[in-house]
Every structure is written in C-alpha cells, then in structure tokens.
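Shared between the two complexes below is chain A, which pairs with chain B and chain C, respectively.
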Partner chain A sequence: MLSEFLTRWRYRLVPDHVLGEILSKTWIDNAIPFAILLLTLAVFGTLIPGLVTLTGFAALYAELGELIFVVLGMSLVMLAGGIDLSVGSVFALANFLTLLLFNMLGWPIPVVIALALLCGGLVGLVNGFLVGYLRLRAFLTTLVTLIIVRSIVDMLILAYAVKVANPVATSPIWDFISFDTFHGLPVALIVALVVAAAAHLFLTRLRPGWRILAVGGSRRSAYNAGLPVRRTIATTYVMSGVLAAAGGVFYAARLNAAGSDTGVGLEVLALTAAVLGGNSLGGGRGSVAKALLGAITVLIVSSSLIRLSLPTGATSFALGVVLLAAVAIDVRWVKNRSKLLSRVYVSPTYLKLPPAPSTEAGSASLYAVNDRLHEVELIGLGELDGPEDTILDAADHLYTGSRHGDVVRFIAPDYRRQEIFAHIGGHPLGMAFDSEGNLIVCVAGMGLYKIAPDRVVSKLSDQTNRSLLSVIDDSRMRLADDLDIAPDGRIFFSEATIRFDMSEWMVDALEARGNGRIICYDPRDRSSRTVISKLLFANGICMANDGESFFFAETWGCRISRYWFTGGKAGRREIVIENLPGYPDNINRASDGNYWLALVGMRTPAFDLGLAMPNFRRRMAQRIASDEWLFPNMNTGCVVKFNEAGVIVDCLWDGRGINHPMITSMREHKGYLYLGGVSNNRIGRYRIPGADPDWTGVGSYWGART
Partner chain B sequence: MSLFAASGKPAWRYVQQENIVIAITAIVFLGFSVTLNNFLTTSNVLSLIQNVAILGILGLAMAQAIIGRGIDLSIVANMAVSVAATLQLANGGMPIALAIALGLALALVIGLINGMLIAYVEIPAIFATLAMGTAAYGFVRAALLNDNLIYLKAGGDGWFKWIGSGQIVGIPSSVVLFGIVAALMHVFLHHSLPGRFIYAMGDNPLAARTTGVPVRPTIVLQYVLSAGVAFLAGIVMATSVDSMETRIARSNLVYDVILVVVIGGIGLSGGKGKIRSVLVGTLLIGTLLNGMTIMDVQYTLQSIIKSLILLVAIIVDSLVNPRDEQTSQQGDI
Partner chain C sequence: MSSLLSRLADRWRGSGAYSLTTPPMDGALRPNQLIESADLATAAGAPDNLVVQGDRVLFTSGRAILALGDACGSPVPAGEAPAEIACMAAAVDGSLALGLVDGRILLRGGVHDGLELRTCGDRPVLCPTALLFEDTDTLLVCLGSQDNRPDAWKADLMERRATGSIWRVHLGRREASCLADALAFPYGVMRVGNGDLVVSESWRSQLVAIAPNGGSRPALLDLPGYPARIVVRPDGAGAWIAIFAPRSQLIEFVLRERRYCERMMREMPPDLWVAPSLHAPESFLEPLQGGALKQLGILKPWAPTRSYGLVVQLDANLRPVSSFHSRADGRRHGVTSCVEVGGRLIATSKGGDAIVAIALPPSGAQT
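And then the complex of A and B:
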C-alpha cells in the first residue's frame, strides 16, 4: 500500500527524536541568545547600511571591550543569585580616579591602575558585606551604593573637572593602552577576552567557581551542604567591582574625559546584556559565553539606535522593551523548558509486525495456553522486590537482584534463608558466572559490574565508544540489561535503550525505534565497544552451544536473532524466530541442548495496530497524561523452549495468572526451572519433567568443578 | 488587626519602630527649629507639608505594592508622563476633564501592563517595573510630548489649579488630599476583601494561592491602583508648580518614595506595616529634606545623606525582619 510505504519511509528518513535530544542538551540555552543576536544583526544590518562589515564592527571594538568587563562582573553576581546595579557608578569612579591620579598627579600607570581596581574592589566589598553577610536585598542595596558613589563622583567632578583633563606627563604604557591595536583589535578588547577566558575556566573548572554556581542554583542546598554561602556571595560583588573598575580604566584610556554622564545607565545596559545572553535572574544558570553573546547584542542595539538618531525617548523605549522581552523570554523558558521537553521527547516511529500467532488454549498452536506453572514452589514470597534475573552457583545457592540495588542470595538446599550477597546500587538485572566464579551483573543505570566470590564489587564498564552522529551522549550506559560470556572470556551484554532510564523503560515501546544495542566488553584490555546497534529494545542474550555465536532478543520487535562473533561466519546475523506472540526477554540454555525463552508480556491487536500508527502514538504522548497511555500488555507471559533452528518445542504457562503472570527470566538448574520477574515479589521453582537432574548452567559453560 | 498577630511577630515591635521614628522626627524638627532661622515659620511649615504631601501620596501607592510583596519602580515615570500628557492635551484645547480622563487612562494602562507582566509573565516586580518605567517614559516622550517640560496653561485658574495650590480652612488642599487618600487606602487595606488579600499575599504568596486567593488578579489590581494614585500625585504636583518636568522620571525621587515607606516600618518582604507607617515616614523625610534645603546643602550631598538613611533603614529592616537561609526564597533579589 502506498500510504504505508510513505509512512515507513517518512519515519525511516526523518529523525524526529533529534528534536527532543537537542532540547535535553545544556547548550540549547545558548541557542536563543544566539538567535536573538542574528536577528539583531539582520534588523539593524538592513536599517543601517555598512553596519555588518568589518569596518562597521571595528568602530565598536573598544567599547565592546569595556562593556564585556562590566557584563562579566554583572553575570558573576547574577550567577550567585544577586544583582549589582552599582557597576555604572564604579565604572565612572574608576574612570575619574585614573584621570585624577595620572593626569593631575602624574603617578606611574601600574600604580594608577592598581589603585583604580582596588577602589572598585572596595565598593564591591561594601556591597558584598551588606548583601552577603548582612543579607540585605541585592537590588535595593546596590541601588543605594549606585546613588552614593555616583554622588561622590559628581562632587569630585565639580571640583576637579578641568584639572584632570590635561595630562602633566606622558607614559608609553598609557599610549599603548590608549591607541595600539593588535591585528585590528584594541588592547581593551584583547584584555577583556583574556579575562573572559579566565572567567570561563574559573567558573567551569575551579572549585570557587562551582561554589558560585551552587549558591546561585540553590542557596539553601548550598548552605545545608556546608558551603560558605555568605563569603561566596560577598566575593562575587568584589569581583564585579574590580571588573567594572577595569572597564572604567580602559574608558579613561580611550576618551581621556570625565563627564557627569560617564557610565550613566550602564547598569541597565549591562543587566540587559546579561539577561539577553541567557543568564537567569535569580542565579544558577548562565555562563561566560552567554555574557559575551549578550554584550555583543546589546552593544549593536544601543549603538545602532544612536546612529539612527531617533527622537528623544525612543532609545530608552527600545531599551526598556528589549529588556522586558529578554526577561520575559528567560522566565518563560526556564519555567517551561522541561514541560516542552517532556512533550516532544517521546517520538514514535513506524513498526509493522506480522499478525501474532494464536495462543488459544486447546488449539494446535505451539504457544497454546496451559497451566503447567500453577504448581510452582515459591521462594522469598513477599521478601523480594524485582528479581529480574536469577542464577545458581556450583553450590546450588540462588542469586537474584533487587530494586534496592542489592544482590540477594538464597541459601541451598531449601532456599528459606536469604542474605544480601553484595550491594551495588542501581537495579541489578541480568547475571552470569564467569570461568573463575565471579558473578557478572548488568546494573540498570550503572553498567557492567563484577562481584568476586569474596563479595568485592568492582566496575567493569560503564561506557562504550560514542557513535558519530548521536546528539545525546550514547557513550554512557543507561539501561544495561542482560549478558552472557563467550568461551574466550569476552562479555556480550545488551543495553535495552539509550534514550530512557530504568524507571520509564516501557515508554521505549511507544517509540519502537531501534534504541538498543549490544556491547562487547573485553577483559583482556578492559575495553568496551558497541557490536550491534539500532536494536528494538535489546534484551536477553545467550551463548549458543557452538561457542561461536549468541542468540539475542529484541523485545519490541518480537523476534530472536543469532549473531556470530567468531569463527567462519563471524559478523553474520540471522533472524531465528521471526514472529513471537509476545515480547521476548531473557534467553538461557536448557539441559537438552535447546534454549529457554521468557515472554514478558503477550502482544495485543490494539498495540500492534498502534505500532503501525506513529502519529496516533505521538498525539497520545503529547496530549494525555502518561498513565492514560496505551502501553504493551505486561500482565501475562509464559516460558517457551526453542531449538537451534528456531522451532518452538515446549511452552509453559501460568494460565490462571496467579503466581507468574509476568516472567522476565528462567534458569534451569538440576532438573528445576527458576522463574524471575522484574516487577514480581517472588521466585518460582518448577520441576521440569524428565530433565537431567545433574545438569547445571555453570557446568554447561565452564565444565564441572568441584 | 489580627493579620499582624498572624504574621508571627509581636505587635509591640511595630509600635516600637513607629514610636522611634516619631521620636526621631520630633527631635529633628526641634533641632531644626532651634538652629535654623527660617525653619519654624508658617510659610515654611506650609511648604514643608505641601512638598511632603506629594511624596506621601506616592508613598501610599508604593506601600500597598510593597505590602503585597511587590514594588513599583515605575511610579514616578508613570506619574510624570501621564500628567505631562494631560497638560499637553489641555494646552492643545481639549476640555480639562477629558484631558484628565485620558491621562488617567494612560496611567492605568501602564499600570495594567506592569501588573500583567508581574502576575502572568511572572517577571520579578522590581525588574518589570524598572524596565517598564524606562519604556513608558521613552514611549510617551517620543510619541506624545513635544518637550521635556510641559507648562500648565489652560485651566490654570479654575478648580483644576485648586487641586495643588488651593486651601481648605487654611490647610493646603494637597495636604487634605493626602489625608483623604490615606484614609481611603486604610479602609481599602483593612476593610475590603482585596486589601486583606494583599496582606495575605505579602505574608505568604503560596499559602495565599493555596487558600484560594485570586493572586494574579489581585497583583494586577495593585499595580493599576498604584498607577492611579500616582496620577493623582502628579496632578497635585503639576497644579502646585504649574508645570510637569518629565525628566524627574530619571531622578532619584522614586528612592525617596521607597525611603518614606521603608523607614516607617513597612517590611520589604511584604505582609507587614500599615498606613500609619507611611504617615510617620513621610513626616520624618519631609522634615529632613526641608531642613537640608534651608541649610543649602549641596544636592549631591543631599542624595548621599538620603541614601545613607535609606541604607540604615534597610539594614534595620533586615535585622527586625531577618531572612532565614532555610526559608528565604530562591531568586528573591
């Protein structure tokens, strides 16, 4: 059918999931300010001919350097959750002091600069003491220091304006700062960029920088974690004061004038720049890159508005509106980003499954429902929480994982007594013993772990090679699921999905995209490498008896495949069972040379239809609450046995659905089959009629040991 | 009054702060009377009260915003441009009542935008009103006004002029208006439903919302009310000096207003204080400003002194109403 064909190719070619993954990245925060910058360039570039040229920009470079200093200071304060309005006055004060000390008194330039910066730092210290230690409101407090410092500058200018304008001495350093350029860039801009780079390192790589982000992110948590909240906040104001003073020094070098309008309104400009760049009011979110973006945008807007020579008031109207718009976007973005993300993250694709085989009781179907699992013995009833997989060692002890991150051991022979064998964390899922008796475990949320017989837990692998074009970081393991060990010691394990965590594993079914993969861990060089990717929820893995290949299950694909990792057919992949009536989970060896397979849930016609209608599932995921979504049926399941040719030779059901409605794993050991379930509270023990009473899984892999 | 008890602070603290301010006012007043020659004259005291009346009316508007845990920094800009627009319309031949109505409408619209930005877009009040003050001043100045200084020409000798410079039984009409607005504001805050809501919101906005207070509409109401009262103050100002200088939008007048409110004991964290606090604060600041003017203190020095007083007032406020690391709100700048 044509429409089916089109739908299939539309979902094969358009990577819908990328949108949600991009939204989940942290750098997306910079996308909006960057877009605003481009928009600004487009608007003013068309209004003012010659603006978007190298010479057009060169006129702004020196000013940009000064503004960057001020915006950096403002951003640092804002990152810690405050605001510093005094920057404009400090800027003017530093400008005046520089001229006073150099032009009027003729002091050497290094001393002049040091004193100007010190003076800015002192104003910052006052702010920092009042806001950090006395915990006054930052906005009002720095507003007051703004007025006080501004008044002092005005009084000084009144007294000395004429005297500071004409230098009594010259200085090569001063001339260098004032006039020299380096590849067309003025000294002010170069120094500003160097300081910005240093500030970036400080914020992202050094402990004091992290503290600033921590305090801004959650002041209370930072306080409770024992961080010096007050000192951290005070420090940001000192830094802001010094940086604003640095801007003032370069302003003095450039213009050599002290007017009463120096730095007036600079605080609003810097604030607009910081917020426009995406630094959040209230703290915790922001970066140096954002500050730079904002500074460039604001400078282009403000200088373009001046060049357009608008009527009185129009410039302040435009700045006010830009400021309001920037804050509004910031506030709404911060508030709604996660909502937007949760709306678009789930991105279903097209999956057409063949009609499911019948399971009708009494029919001739290989999967016909029976009640053979009704008579199981129960182990650990009510004491277990999520025994996804089970395994037995040579001494017949029974191991299983729990949702609490423990590996629990039931003591043979009656399995009434249990102990916590080891605590790993995460949710231990698939298990296997290696040739030395170590228990290897796949842990959801953590990766591949090893428990030595002396109970020492060690990590084997938690990352693999990152694929070239993935947006999300797929080198980390989110949901390691099941594993098996090749005769040469290599461990092949499945990661069910790279897009969802354990708590929402079933949401992956709504996507039905190949999000899963199989990874090989090589103990010889401790490397991990993705072997097969784009699997539909890679799940159970079991070594075939030939020692050269393994079977693996794709849960949402309802099929079993076989992969040769060595030998003559190395690299080949064949589908063994194409169309199961349910969702396959773990696979394990049986004593008669065949393989056990757990079906965790049975397919339903409704969900199968839904899989072929990705638009329907998308609308569902976007419009209704997640507990109303149509999920695959996970309430009934069974255990089947298949041979190497993929033919079903046996089928076990708990027809009444009392003990084992959902089965995720089964393990044969000495004539019994042990049944696990990821949301069950028990392990079942079923006597297999006619099975070899001496056969053990460990023995079948590594030979009998005493 | 039970609302104060509910705020968790013993009532004597407010009484005490108010009494202290009253005592300081008395001392300052006496000191100026003794040391300054022209201070204790009828004309000076009249002009003192008249000047203070405008500050006081603005303070009343600001007080109800601060009590609801907000702040209105656009109050002076709004007053300046809306009244200047009124004067310009009247000068252009429009009937004075219609000009007033249009000017008031302009002020209310600016207040409405403030309220919407704060309540629905959720921009912090201090920020929204700061930017809105700049934007509103710029817009009206560029789009409606011819000049920075607009004179009162038409209607200058009728009832309109009386608003700012008339007298009732010897009391300047501006003072009478201040009293009336203060009384109305008191009734509004303590005996009307929205007024009680404002206290509840200032005390604990989340709890207020949970208990069913229509928080967002009430916030909008606050800023519209603030704009309306500011317009009245602007009319008083314009009719007493026969002009409106729009550049006061960029002056420090708004910080004088905050000073008046905070110094009387209205906590910046909201929910605390009452109209009497504004009256007391107005008296103290008015006396100080008048005294400094008579002493011919340089304008910049005056603003340093005022700023230092404001700083001390906020420090005392933060000591009396301390903010706790465990309960202080994130992003509360």
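And then the complex of A and C:
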C-alpha cells in the first residue's frame, strides 16, 4: 500500500528521536540565547551597514570588556539567587576614585587599582552583610546602596570634577591599559576574558563555585546539607562589587572623565544581559558562557540603537522591552522544558510485523499452549525481587540477581538456604561463568562486571566506542542485558537500548526503533567495541556449539539471528527464526545440542497494529498517562527450544500464568530447567523429561572441572 | 473565530475539550471489593436481566429463563426463549416481555401472551436493550442502536453510534410512540418518584431524565463507566445503576484515533479490540496496558483495566451515595443488572458467570 510505503520511508529518513535527545542535553539551555544573538546580528547587520565586520566589532571591544566585568558580577549574584542593582554606582565610584587617586593625587597605579577594587569590594560587603547575614531583601537593599553610592559620587564630582580630569603625572602602565591593544584586542577585553575563564573554572570546578550554584538552586536544601548559606551569599556580593569596580577602572583608563552620567542605567544593562544569556532570575541555573552571550547581545543592541540615532529615551525603552522578553522566555523555558522533553522524548517509529503464528491450545501449531510448566518447584518464593537470569556452578549452587543490586546464591542441593554472594549495586541481569570460574554479570545501568570465586567484584567494561552521529552519549552503557563468552575468552554482551534506563525498559517497546547493540569485550587488551548496532532491543546471547558464532535475540523484532565472529564466515549475520509469536529474551544451550529460548511476553494484534502506526503511538505517549499506554502483553510467557536450523522443537507454557507470568530466562542443569523473570519473585525448577541428568551448562562450555 | 482557532489548537495538542480525562472513582465511588467478596447466589453462564416477579427473582442465561433458588440453591428453570435473550421485563399480572438478540420482542403470559413485536413504529427492533412495563398494556422499549444487534455492542461503541431510541408501545392497540431518539445506546430505563423516566445512556456515561411532557435533561453526568440497567429501590427512595465496564483513557484515545480504530475493527475479532470488555482478560492476545503488568506475580487492583464490576446506589435525587466494586484483579466483572430484594442487593456479573448477593444495611442506616 502506498500510504504504508510512505510511512515506512518517512520514519526511515527522519530521525525523530534526535529532538528529544537534544532537548535532554544540558547545553540546550544556551540554544535560545545563542539564537537571540544570531537574530540580533541579522537584524542590526541589515539595518547598519558594516556592523557585522571585524572593524565594526572592534569599535565595541573596549566597551565590551567593561560590560563583561559588570555582567559577570551580576551573574554571580543571580546564580546564588540574589540581585545586585548597585553595580552602576559602584562602577561610577571606582571610576571617580581611580581618577582622583591617580590624576589628582598622583599615587602609583597598582595602589590606585587595588584601592578602587577594595572600595568596590567594601560596597559589596555592605550589600552582602545586609542581604546575606541580616537577610534583607536583595532588591531593596541594593537599590538603596545604588542611591547612596550614587549620591556620594555626585557630591564628590561636584567638588572635584575639574581637578580629577587633568593628570598630574603619567605612567607607562596607565598608558598601556588605556591605549594598547594585543592582536586588535584592547587590554580591558583581554583581562575581562581571562577573568571570565577564571570565573568559569571557579563555578564549574571549584567547591565554592558549586556552593553558589547549590545555594541558588535551593537555599533550604543547601542549608540542610550544611553549606554556609549566609557566607556564600555575602561572598557573591563582594565579588560583584569588585568586578563592577574593575569595570570602572577600565572605564577610567579609556575615557579619563568623571561625569555624573557615568554608569547610569548600567544595572539594567547588566541585568538584561545576564537574563538574556539564560541565567535564571531564580538562581541556581546559569553559566559564564551565558553571561558572555548576553553581554555581547546587549552591547550590540544598545550601541546599534545609539548609532541609529533614535530619539532620546528610545534606547532605554528598547532595552526594557528586551529585558521583559528575556524574563518571559526565561520563565516559560524553565517551566516547560521538562514538560516538552517528556512529551517529545518517546519517538515511535514504523515497524511492520507479519501476523503472528497461532498459539491455540490443542492445535498443530509448534507454539500450541500447554500447561507443562504448571508442575514447577519454586525456589525463593517471596524472597526474590527480579531474578532476570539464573546460573548454576559446578557444585550445583544457584546464582541469580536481585533488584537490590545483589547476586544471590542458593545453596545446593535443596536450594532452601540463600546468601548474598556479592553486592554490586545495580540490578544484575545476564550471567555466565568463564573458563576460570569467574562469574561474569551484565548489570543494568553499570556495565559488565566480574565476580571472582573469592567474591571480589571488579568492573570489566562500562564504556565502548562512541558512534559518530549519535547525539546521546552512547559510549556509556545504559542497559547491559545478557552475555556469553567465546572459546577464546572474548565476551559478547548485548545492550538492550541506549535511550532508556532499566526502570523504563518497556517504553522502548513503544518506540520499536533499533536502539540496541551488541558489544565485544576483549580481556586481552581490556577494550570494548560495538560489534552490531541498531538492534531492536538486543537481548539474549548464546554461543553456538560450533564455537565460531552466537545466536542473539531482538525482542521487539520478534526474531533470532546468528552472527559469526570468527572462522570462515566471520562477520556474517543471518536471521535464524523470524516472526515469533512472542518477544524473545534469553537464549541458552540445551543438553541435546539445541537451544532454549525464553519468550518474555506475547504479541497482541492490537499492539502489532499500533507498531505499523507510529503517529498513533506518539500521540498515545503524549496524551495519556504512561500507566495507561498500550504495551505488549508481558503477563504471559513461555519457553521454546529450537535447533541450529531455527526450527522449533519444543514448547513449554505456564498456561494459567500463576507462577511464571513472565519468563525472561531459563537455564538447564543436570536434567532440570531453572526459570527466571525480571519482575517475578520466584525461580521455577522444572524437571525436563528425558534430559541428560549429568549435563551442565558450565561443562558444555569449558569441559568438566573438578 | 477565536473559539474555532482554540478548538483547532486543542485538537492538535489534545488539550481542553480534546483532553483525555475520565472521571475519577472517588467520593461515593471509592473502590472496595464488595462485589468480588460477596456471597455467590448462584453460578450461571453469562447471567443477565434480573427482574422481580411476585416473590420470585428471575434472570436469563443465554436462551434460558431461570428463577433464583432459595439460600444459594441451584436456579429453577422458568422457561426458554427461541433465541438468546437480550432483555426482559415482568408485569404485575405475571406476564413477561422478552427482547431477543435476533431482533424481536416476545410477550409471555397475561393477556398479550404470544404477541411478537418486530417493529416499534416504523423502526425495526434490531437492538432491544431494556424493557419496562408501565402497566400490563403499556411497555417501554429501549432500542440501543439502529445499526448493531445487542451482542455487537462493542462495535456500536467503537463506531461511535448514537442511534438509540425509547418507545412507548401500547400492546393492545399495537401503537408505538417515540419518547427520545438519537441516544447513545440507551441500556436501561426506570420510572422515578416524580413521574420522570430515567434512561441510562451508555456511550455518553450519563443518565437522562425524560419528563412526562417530553422534555429531557441530563440527570447524572460523568459516570466513570458505561451504565447498563437501572432500577428503582423497593421503597422508591433512590435507585441502583449497574455499570458494566469502566471508561479508560486508552479507550477514549482509541475512540478518537479513527484510522487505528477502524483498522482494528476490520482486522481483529472483537475480543482482542482495545475496547471495554465484560470479562477479565482470558487470553494473552488481548491488549495489555503498562500499569497492568504483573509485578512479583501480582496484578494490582488499581491497574488500568478494560473490565470492572460496579453497582452504584443513588439517592432520591439521583446522586451517588455508595458503590460496590470488583476491581482490576477480580473476576466478577461486567455487571449488567441488579435488583434489591428483601434487604439484599442481587447483581449479575455477566462476564464473571456469577450472580452475587450482598446484604444491605437496614434502610436509613449509613451505607
């Protein structure tokens, strides 16, 4: 059908899942400020010829350096959840003080600069003491400081304006700061960028920086965690004061003038820049990069407006509008980002399965329902939580995983006594013994782990090569699922999905995209490498008896494939069983040379139809609660046995679904079959009629050991 | 214009009038397990249509009419119809009216014994869903649909039909008048104290009151399920509604996804549809919702479900006052009819093949 053809290609060509993956990145917070910057450049670049050129930018450099200082200070205060309106006045004060000390009194430049910065720091300390320790409102307090410092500056200017304008001495340092450039960049900008880099390190790599973010993110939690909240807040105001003063010093160097309009409105400019860059007004969310983005944007806007020679007041008006818009975008973005992400992350794709084979009881179907698993003995009923896989060692002890992050061992021969064999921390899934008797385990969310016979746990692998075009960081292992070990010691293990965690593995069924892969861990050089990717929930893996290939299950694809990793057919991949009536999980060897396969759940016509209609599933994921989503029927499973040619030779059902509603694994050992289920609370033990009573899985891999 | 735009936006986003919300089971409808744990009055295959005739309680099972025995005895045969019985009513003179799934209404006993109705007015009796004697000569007939037989109710819902009607048939004169039309599957009818007729409109999850002068108004809106038979209490102070299946977000969603819904109806047998059901899941081929996944071997009672057992007690103003449930983990689902007799509530779980009896607290006491 044409529409199905179009749907299939539409979903093959358009990578819908990328949108959600991009939105889940932390750097996406920078996307909006960056887009605004580009928009600003585009708008004013067309209005003002020559703006978007090197010389056009160069005109802004010096001013930009000063602004960056002030914006950095403002951003630091905002990150801790406050606001500093006094930056403009401090800027003016530092400017005046520099000129006073140098031009009028002729003090040496280093002392002048140090005193100016100290003075700014003192104003900041007043703010910090009032806001941080006395817990006054940041807005009102800094507004008051703004007015007081401004009036002090005004009074000083009235008295000394003429005297400070004419230098009594010259200084090479001062000239250097004032006039020199380095590769076209003025000293002010270079120093500002160095300070910005330092601030970035401070915020992202140093403990005091983290504390600022923590206090801004949640003041109460930070307090409860034992952080010095008051001191941290006070510190940000001091830093803001010093940085604003630094801006003032460079302003003095550039213009050598102390007018009463110095730094007027600077607080609005800095605030606009900080918020426009994406630093949250609420605190806790922001970065130096955002501050820089915002400063550049605001400076381009304000200087362009001046160059357009708009009527008086229009520039402030425009800045006000920009600030308002930035605040609105900030609030909406913070509020809606996670909502948007949860709406778009699940991105179903097209999957057409042929009609499932019949399972009707009493029919001639290979999969006909029976009740043979009804007669199982139960092990650990009610004591287990999520025995996904089971395995038995040479001494017949039974090992399984639990959702609590333990590997549990049941002691032979009656399996009544259990002990925690090892604690790993993540939910252990697939298990295998290597030739030295180490237990190799796939751990959800952690990777591939080894438990030595002396119970020492060690990590084998938790990352693989990152694929070139993946937005998600797929070098990390999210859901290592099942493994098997080749005769040469290489471990092949499956990662079910790179897009979902263990707790939401079922959601991957809704996507039906090739999110899974098979990874090879080579113990010789301890490297991991992705062997096969884009699998529909890569699940069970089992070495074929030829020692050159393995079978693997693709759960949502309802198929079993075989992959040759060595020998004459190395690299070949063939589908062995197609169109199973249910969802395949683990595969293990049987004593008669065939292979056991667990079907974790059964296909339903309603879900199969939904698989061919991705839009239906996408709207379902967006519009109804996740508990209400249509899922594969995972409340019934069975065990089948297939031979090397892919023919089903046996089928075991728990027809009533009492003990084993969902079967994720089975392990044959000395005439019995041990059944596990990832959301079950028991292990079943089924006597296989006519099975070799001496055959063991470990023996079939590594030969009988004593 | 703006309302049109906002409607379009709502439709695209699935918000506002297009949001998929179902009424919560709260207040008087808070879940319990009273039906699941109730005494079994008798077991029968797909029991339905409880009616009181004199001192007997009759019900139907397939083609058979049975009378409830005393004290949990096995039911006593009381007749048989030529086809499966869809609905039944009893008159004070001992006559019975039977609606059959093959599209006719038969009268048994009394003055009109043997009468067969195949039309109401000009409309064929395709889907008789409920009957009620006003007196021995006048019969109220609910026709659930003009498009589907009673046993194809699932298709009627999924096709979003609203072609049901209510008729007053004068049996002596063979005259019928239509009381209400374009109803979404009227499935039960009763006459309340003030003379109004109250009809349960299943697909709209509401009760509609029809005044003697013909005006109709909603009497109870936003039920959390699809109402079936309604019956007044013996003392006239209140009524019972049997609710045969729950509403669910997924089903409401599928009802709006016309392409999926139509392919589903075309390609699958009705038992496997994403649609309400009378019985708890019997096959792994039936659709499963995420919350219904068994954890540690247990199906949670609050799991999303397509079948449920629910009887709601209403006061004289038709406000819910209490309710009796069989939840997602239960079996006694698909309650289609109920009666109150001798201080007991008797209800048929059509999907659970059981008739249950619940002793009610004495009248006036808090229920």
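One rule holds for everything that comes next: the second predicted complex is superposed on the first by the 703 of 706 C-alpha atoms of A that agree within 3 Å, B and C clash if a C-alpha of one lies under 4 Å from a C-alpha of the other, contacts with A are read in each partner's own complex, and residues count from 1 in each chain.
The rule is short, and it goes like this: a contact is a pair of C-beta atoms (placed from the backbone, for glycine too) under 8 Å apart; a residue touches a chain by one contact, two chains touch by 3 or more.
Remember, predicted model here, so these are calculated numbers, not experimental data.
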First (chain B), second (chain C), both or neither touched by A:Ile148: first
Which partner, chain B or chain C, touches more chain A residues: B
Touched partner set for A:Ser467, first chain B, second chain C, both or neither: neither
Partner chain in contact with A:Leu130 - chain B first, chain C second, else both or neither: first
Which of chain B and chain C A:Met620 touches, first, second, both or neither: second
First (chain B), second (chain C), both or neither touched by A:Trp629: second
Touching partner for A:Met662 - first (chain B), second (chain C), both, neither: second
First, second, both or neither for A:Leu310, with chain B first and chain C second: first
Touching partner for A:Arg682 - first (chain B), second (chain C), both, neither: second
Common interface positions of chain A, toward chain B and toward chain C: none
Residues of chain B that touch chain A when the two form their complex: 117, 121-124, 126-128, 130-143, 145, 148, 252, 255, 258, 268, 298, 300-301, 303-304, 307-308, 310-311, 314-315, 318, 322-323, 325-326, 328, 330-333
Chain A contact footprint on chain C (complex, rising order): 14, 19-20, 248-250, 253, 257, 259-260, 263-264, 267-268, 272-274, 281, 284-297, 299, 303-304
Chain A residues touching chain B - in the complex, by the definition given at the top: 81-83, 130, 134-141, 143-145, 147-148, 151-152, 154-155, 158, 218-220, 223, 229, 268, 280-283, 310-321, 323-324, 327-328, 331-332, 335
Residue numbers on chain A that touch chain C, as the complex places them: 359, 385, 506, 601-607, 609-610, 613, 616, 619-620, 622-636, 657-659, 661-662, 679-682
